[in-house]
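Dropping the structures in below, format is structure tokens.
Common to both upcoming complexes is chain A, partnered first by chain B, then by chain C.
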Partner chain A sequence: MTQPIDTSIYAAITEAIQAEAHRILAEGEVTAIVGYAAARRKGSAQPIIITDAADSVKLIFTPACVNNLAVYLTKAKKDIPKNGKIGIVVKGCDLKALSGLMGESQLKREELYLIGVPCAGVLASTVCPDQELTGDSIAPKCTECDAHLPTGCDFVPAETLVTPELERKYAVEIARLEALTPAERWVYWKEQFAKCIKCYACRQVCPFCFCEQCLCDRNKPQMVDTTPRPAGNTAWHIVRAMHLAGRCAGCAECERVCPMDIPLNLLNRKMAKELKELYNHEAGFEVLDKGPLNMFTEKDDQSFIK
Partner chain B sequence: MSRIGVFICHCGENISRTVDVERVAAEVGKMPGVSFSTDYKYMCSDPGQNLLKNAIQEQKLTHIVVAACSPRMHEKTFRKAVEAAGLNPYLCEMANIREHCSWVHENKEEATVKATEIVGMMVERVKKNRVLPTITVPVTKRSLVIGGGIAGIQAALDIADCGHEVVLVEREPSIGGHMAQLSETFPTLDCSQCIMTPKMVDVANHPKIKLYTYSEIELVEGYIGNFQVTIKKKARSVDEDRCTGCGVCMTKCPQKKIPNKFDQNIGMRTAIYVPFPQAVPNTPVIDRDNCTWYKTGKCGVCQKVCGPGAVDFEQQDQLVVEPVGAIVVATGFDLYTIDEKPKGSPIKGYGEFGHGKIPDVIDGMTFERLASASGPTGGKILRPSDGKEPKQIVFIQCIGSRAREKGISYCSKVCCMYTAKHTMLYHHKVHDGQAYVFFMDARTPGKSYDEFWRRSIEEEEAVYIRGMVSRLYQKGDKIVVMGSDIAVGVQVEIEADMVVLATAIQPQKGAELLAQKLGISYDKYNFYSEAHAKLRPVECATAGIYLAGACQGPKDIPETVSQASAAAAKVMTLFSKDQLEREPIVARVKESGCVGCFACKKVCAYGAVEEKEIRDRQGNLIKTVAFVNPGVCAGCGTCQATCPSKSVELDGYTDEQVIAMIEAL
Partner chain C sequence: MWPPKKGNHSGLPLPLRPHMQKQITQQNLNILLDSLIKEGIRVVAPHMNGGTPLYEPLTCSADMNTGQLPRRSAKEAFFPVCEDIMTYEKEGQKVTVTDIDPVRFPETVLVGVRPCDAAAIPVLDAVFSWDYKDEFFLERRRKTTIIGLACTTADDACFCTAVGLSPAETKGSDLFLTPLVGGGYVCETYSDKGEQLITNHKELFSDTGGAKTLPLAQPETGKIDLKKVKAWLDEHFEDPLWDGIATRCVGCGACAFVCPACHCFDIVDEGTEKAGTRRKNWDACGFWKFTHHASGHNPRDGQPKRYRNRIMHKFKYYDDKFGQTLCSGCGRCVRVCPVGIDIKAIIDTILNSEC
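Let's look at the complex of A and B:
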């Protein structure tokens, strides 16, 4: 059964973003804005960096605005002016990543102008971008979203969202996997990791993979086998999951860009669930000085010490 | 090409009993890179070390592996030997084939194979070892002493007499600590104040000692040789420079009924006060909680009568920063109280002793004040309840101490001796009185100690009853003491006029908070931990911080004074050089890979990680990276494990070395 999702306010949001973008660029409050613009195919969208107030009409917000633009502020920042405040269009999930990056000294709040977007959801895939947003076509992450309305932004269009209750796709899948025996789970993940071609698209698109040189690319000593073979693949995906534990905010870009359809965010969500259970930690809008795995308190669960 | 020398130790028979050392030497000799291998009965002995040194020179060895005991035991020994032979000491590694192999295995064949593999791992590791230069850091030759009791006073005087400046910080308005409260001291019965106050005056007059009383440690930053200590000087409400110590303010203060903590709350003091007449400094403090001026805004008598105009109601707390190179912690002890069950503590109270509700059940320190000539009763033993002289007095030892079921399992060490002393003082002051002592054992090791205890029984007529007391209760104006005499095997009931409890010695309240500020470790009772129970008893594991006195564990005065002097000697050893040498096992940041997430900084328990800006020649900021201060780094490796991009390496324990070890297996 296809459940329709109301995205009628996206047009009004687009107008509001354009007006605000025009104002802050014209008034010189920011030197550039990272946002979404229409791409060549009908209904599609792509990231854009604008520096001229006249270009603010190019900005849009549609269900095809899937990207997490946070990466344009860190490792993909070559087109970003070095001076002045930068404006950025953020969905709730993207804002969580920005908050994480601020906590890890990669961004400074005072150097950003956050244009928050009330978001009912985006498409799971942009292969056919010109389609209605429904319970079927929506990104799985949006079915579990608790951050439809970003807070703490400099500007948020005053539109009221209607967000229907959807089946929580990751929760269902995690429950299924948790019910398996360790051996069965291992078989499942081995199959998934075997598909990996080591294209590192997941790494490239992840806002938290901001290292200049990934430890997996180091060869003195070689920590992880770089060829796409089972041992190295498994090592890479374990490193990735462990490094994201307590940090990943669930933008699910890794999963979206994976050409081999490995359920990467499923692993991330499982790690997040563990962190919630162990340390009552959830990635949110709050900028934390120390993540849950960077500190020790006497109350920490120590049942793992046998 | 490395020329590795491997030396297999028999450790007498400790290793050779279960490991065929000759076979290990032969097997290891075949390993690539090993040009010399041999075995010897005691590698750590003088001939053993000479064997090593000669082999380095004769065989032109470049790297050394000593297969023997734990590196905790002899790594330093062998590295020194290697250095003496002209090699960098960090090109020597130890393979632990004793604790990790011979001691834990029985099958000689298997243990020999395992020992060979352990040595093989270290051979691969040592190939990756690099020359590490010794790190030197400058030393600030000033010392901080925390606590102005006898321990702190002794340490401060010793260091200052050596010509180094000392900053002495005391929480109370006067130095002196618990020793100033005591009446007489065992085993010679000389007056505590008579031997204590001259030392207090020495401190006050010493040109090298800067005294902060009524002050607390707010913050400690830095590291050995270079600490920055922030001291909070609490507002005294009296200007120390103007006050002449005439004491008129105290005689005129209308608030005269405030229990004096120095007299264990049985004596009274005024709101503007010095805790005791011999106080150093002799400058009063206004107790703002009890002062009429602070409560109602009226009075101000002390200000009116003060000739030099020293009383200052507006005085504020002050923060002072003192740079020091070493810290002696001498915060002393507190006594266990039977009054209450401390909150959140495993220590249970003494409900069966009336929970402190019986007024004539007092603790040992209160008895000291009663017996003291300067105490509230002028040295007469009188009951707090009605001021009558007790004719039957019962002393009970081990209250709290050695009582696992009450939460404390240790012995407080001084109570046997001071209870014996109390019986004597009582006998000297109340000639027709009788003293009884309930005790478990008499623990009196120490010079002239056992003689002292015997004297209390044989000459001073104290009756010692071996056994514990199960209950105390008030009956009229008597206290019924119900106990057992296990030597005779009977129940004993004594109707006493007064009961003195030898309550356990505990660390000062808040000891753990100070430890956290200092970054030193403490045990489950909050006593501070020494670096090694036997061989480094006055040093903390944190470099540059030393312990003196009862903050480390129960101690009597001679022991405390000895430890204080020992701590002072350690400080002077540190100050004997301008530059401090330390082991170069420290973390190093590979700046090219660092992205400045500062996860390392967040996990560093020593505050060793700093932020460093990298700029180009025009001065433009390229990036901010982590920097490990080698003077502070303790080499724990937490940053190395935390760094997501593996941009931190711990010298001597690099990933390359560890992976080489794993791959050798």
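Let's look at the complex of A and C:
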């Protein structure tokens, strides 16, 4: 499945982002913009925060613009200036995280200027950033994307996307795991969690991991073993998956950044599937005061109480 | 003792210049590794674990896969991700503490080690042997023979040449392999250990017959002036540059954990009141918790300050203490950083800054 994916509009999107960024900074509509800039290695990109209109030429959009920049707006990132309205470049998947953060009273819509990106997809990994976007190199989340064109933004470049139909990578893998017996599935996840080295890259890039002190960083009491061994690794990954259930909208940053290749987003997608089946809930499409796991209604399924 | 003496004080022999040059076929190398495994020697080599290349103990030479740079460095052969250092048991008023005896560590041959990984190991000897002799590290060092392997490929994250090393660097290797055109390797010894290994299996080696070696990788980066980098760091503990490069840092430990030279660790007791284990596991200066005091104060209260420590430790503090640089240019941190922080680009920025 090496089908090429058309990213020819990304150059025009880059130009449009630069022009809009220049305008809103020059006119004082925002105090800072979080976006993507080219980095040293050929084809590479990295997050950048600009405060000067003259720096808007640094902003780009390419298949290597993988990050969910919403993480920089959370209270976990205290180093970002948060006085005044902030502009942010968002793909559809990133926007879902922002919706969630607004619902959880972490952000206010009126404090943001959303520059939406029509996105045909980004790379699964930027270990080798200089590569074509194809059905093979594309991020698995992009094969299931239902938000190529972000809605409700302040600005979206008027470019028309071509998005080919791709095999839904997570759906296929989840179906495979669901077909296993619980014992077989446990073997699979034990192997995956055994690879964890507790670098916490998954936590640190997650827009929803904004706890000022993570349970795993507390030691009075020590709820989760800190060493990268089976007990602590399993506890961490289960805690992570459960804490994100009903909130994670699938930006898959946790999985992308894992240096040990643990397929973390499978856990999140499985949780999302359960939430859809149980409560007809999908995270990220609207700003909700309370997600389904934060409230009780008399109509809730109570068959589990025996 | 402070200040530590610069240079080698680990008690480990310094590598010598090559005094033996031989040749070995791939088939004979496999026979060598299989016979070592059969003798009960732990053979650690690059190996595909699922889709992830890692240095791991082999059960059979055919499992060695040197096609890719392992995701984590070879330091874990001496300084594992996590290891037990003692156990305790409490029965009534009686507490029994049992040390882990490093003498039990197995004789090891670490093979297929990339020059950037091998070169970092003697650099680590300095820190694990100056004030406190870390027997967990040093005993493994004594018992390990390192077989380095020259690199024939590199990507644009590789920058060994920038820090004064190269794809043919033999530093840290007891024995060094350079691939030959048509298969097999030239094999040079750099220590008594390396020579011993050849002597013990001399039937597997032949004299070099003038066979051509494969062209080695040519990383694109030229040598950088490390003295100039250090001179800048000496004067710029406070500098706006740190905010500019490191505000984007999200504060994970990925860079430190894949690094061949980062060596910070935490010590924790895990278990119950009745019994448990004291463990040593990797830690990273990028973590918020790394410098968090019991009082609640954190002297490195922002991510740029934490990232500054990473650069300072590699290119200034370690040089101040031990006269060495704590970076071998493997490029792993560049490849894994979630937010694309590129240490080579930062060094370039420092060198290009005017003051």
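Quick note on the criterion: the second predicted complex is superposed on the first by the 298 of 306 C-alpha atoms of A that agree within 3 Å, B and C clash if a C-alpha of one lies under 4 Å from a C-alpha of the other, contacts with A are read in each partner's own complex, and residues count from 1 in each chain.
Assume a residue touches a chain if its C-beta (ideal position, glycine included) is under 8 Å from a C-beta of that chain, and two chains touch if they have at least 3 such contacts.
The structure presented is a predicted model; accordingly, all values stated were derived computationally and were not measured.
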item	value
First, second, both or neither for A:28, with chain B first and chain C second	neither
Which partner, chain B or chain C, touches more chain A residues	C
A:71 touches, of chain B and chain C: first, second, both or neither?	second
Chain B versus chain C as contact partner of A:230, first or second or both or neither	neither
Partner chain in contact with A:47 - chain B first, chain C second, else both or neither	second
First, second, both or neither for A:4, with chain B first and chain C second	neither
Touching partner for A:195 - first (chain B), second (chain C), both, neither	second
Partner chain in contact with A:164 - chain B first, chain C second, else both or neither	neither
Partner chain(s) touched by A:152 [first = chain B, second = chain C, both, neither]	neither
Contacts of A:220 with chain B and chain C, given as first, second, both or neither	first
Chain A-facing residues of chain C, complex	49-52, 71-72, 81-82, 155-157, 243, 247-248, 250-254, 256-258, 266, 268, 270, 279, 281-282, 284, 287-289, 302-304, 334-336, 338-342, 344-345, 348
Chain C partner contacts - residues on chain A that touch it in the complex	39-42, 44-49, 67, 71-72, 77-80, 126-128, 130, 191, 195, 197-201, 203-205, 217, 225-229, 231-232, 253, 256-257, 259-261
Chain B residues within the chain A interface of the complex	592-593, 595-599, 602-603, 624, 642, 644-647, 655-656, 659-660
Chain A residues within the chain B interface of the complex	104-106, 210-215, 218, 220-221, 223, 243, 289-291, 294-295
